[in-house]
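The following pair of complexes shares a single chain, subunit A, combined with subunit B in the former and subunit C in the latter.
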Partner chain A sequence: MNGVHDLGGTHGHGPIAPPAEEPIFAHDWERRMFALFVPAFGGGHFNVDEFRHAIERMDPVHYLHGTYYEHWHHAIETLLIEKGAITREELDAKIRQLKGEQ
Partner chain B sequence: MPVVTKDMIPLIVKTGASGRAHGDAAPSFQVGDKVRAKNFNPPTHTRLPRYVRGKVGTIVMDHGVFVTPDTAAHGLGEHPQHVYNVAFGGDELWGGNASPKDKVYIDLWDDYLEAVAP
Partner chain C sequence: MSHDHTEPPADIELRVKALESLLTEKGLIDPAALDELVDTYENRIGPRNGAMVVAKAWSDPDYKARLLTDATAAIAELGFSGVQGEDMVVVENTQDVHNMTVCTLCPCYPWPTLGLPPVWYKSAPYRSRVVIDPRGVLSEFGTSVPDEREVRVWDSSAELRYLVLPERPDGTEGWSEAQLADLVTRDSMIGTGFPKIPADIQ
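Moving on, here comes the complex of A and B:
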């Protein structure tokens, strides 16, 4: 797929300059995203290639803005819905609940 | 559907998601062979980067037999095949004043490559 993920050889993204002491997780929610991947993958809901392709299928603007674990989050949601483990309605309802909307 | 139990977690975290295949496959290329990356543009998953398509490189290493991402990403089977580390010169990839001493090493699947006469 000739997607926005295939960045090799493109200009204008600035230097690659990771901080000297980069933490494994920049935010606590990223820790949870890593933990969520393990049972979802190990449970056979998707393989690693389906996971990578789900990231490639992200909206291009969201992809470029999103952090590494945001890509994981998107792929896990996409694949669990596509594979029928959860429904979009269940996910949306949970998000509304967490926002305190119901 | 397999069930992940607590005792399985350390192994999954440690080994990750290896794409190494159990099946066997004959290699089309040997270390030292010159190869050209094919020019194809599927709307589906591939691990052949755009900037290397149509470019000539040299096989540096044979990693062994791996699952093919292009099919596995779409429920079309594992299609075990060899994966090679291929070196491409900077001048070949970028032209102009790019140095042939600069190398980009990319892991590429057998199907991505075609032979080039030495």
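Moving on, here comes the complex of A and C:
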């Protein structure tokens, strides 16, 4: 897909500024998101190409602003719903439930 | 509506939690297995694996030859194989060529040998610029490569992963593989840096 993810050779993204050290996961939710990938993928709900394509299909602005694990979250949530493993309604209900508990 | 933000949406934490909770209720995932996975990739699989491959290649010319011909098999000899390392190609740095790796599209990274990629590798600045201005990128890393040396950039495809075999530092004759592995940095296997030299660790 000829989307904005095809970054090679494009200009204007600023300095790389690599830090000397950084943690593997910046937030705990990133850890959980990383971990969710393996069973979601291993459970046969989607393959790696579909996963990448789900990221490539993201809204371009959302893609460019979003971090790596945000991309993963978008892809996995999208694919699980598209494949019928979960429904949007169930997920929204769960989010409301957890919000209510906070 | 456009907005500038470098922080993820405020409710991302909640949404991830909701996803995990829902999938657990449906029996599609096992949270204990998730914890194990996180531990594996956060604490156990990392660049030390790749460093051992490099150290062996430096010590054993036959292994090096196998590594350059069929990297996947040679790396698997050391027990490193699996997810995101299914097809490996090793590219050798010499006096004439300096190699760098990138995945401009996603990015892909050889997990079994290097663990999980650093944030900079996954981000737009590196992915966009290294294929058109590798020497500029090297200088951002404080790494300088002589002008006469060719810089080659390898862009991973969906299945193929590259690992750079850096040049063995001088003054390491007779060193054991474990000692040599201590010199091999993650960045030297991506191509944005060189291995340490003996003076660095003494």
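Brief remarks on what is shown
The definition used in the following text is that the second predicted complex is superposed on the first by the 100 of 102 C-alpha atoms of A that agree within 3 Å, B and C clash if a C-alpha of one lies under 4 Å from a C-alpha of the other, contacts with A are read in each partner's own complex, and residues count from 1 in each chain.
Everything below uses one rule, namely that a residue touches a chain if its C-beta (ideal position, glycine included) is under 8 Å from a C-beta of that chain, and two chains touch if they have at least 3 such contacts.
Just so it is clear, the structure is predicted and the values come from calculations on it, not from any experiment.
Once chain A of one complex is fitted onto chain A of the other, the partner contacts of A:R31 are limited to subunit C, with no touch recorded for subunit B.
Of the two partner chains, subunit B and subunit C are each touched by A:D6. When the two structures are aligned on the shared chain, A:N47 is found in touch with subunit B, with no touch to subunit C. Once chain A of one complex is fitted onto chain A of the other, the partner contacts of A:P39 extend to both subunit B and subunit C. In the superposed model, A:P15 makes contact with subunit C only, not with subunit B. Partner contacting the larger number of subunit A residues, of subunit B and subunit C: C.
Overlap of the subunit B and subunit C interfaces on subunit A comprises residues 6, 8-9, 38-39, 43, 48-49, 52.
Residues of subunit B touching subunit A in their complex: 1-4, 8-9, 12-13, 17, 19, 41-46, 49-52, 67, 69, 72-74, 93-94. Residues of subunit A touching subunit C in their complex: 5-11, 13-19, 22, 24-29, 31-36, 38-40, 43, 48-49, 52, 55, 61, 64-68, 70, 73, 76-77, 80, 85-86, 90-91, 94-95, 98-99. Within the complex formed with subunit B, the subunit A residues making contact are 1-2, 6, 8-9, 38-39, 41-45, 47-53, 56. Those residues of subunit C that touch subunit A in the shared complex are 2, 5-6, 8-9, 11-23, 26, 28-30, 33-35, 37-38, 41-42, 83, 102, 104-106, 115-116, 118-120, 122-129, 131-132, 137, 140-141, 155, 158, 192.
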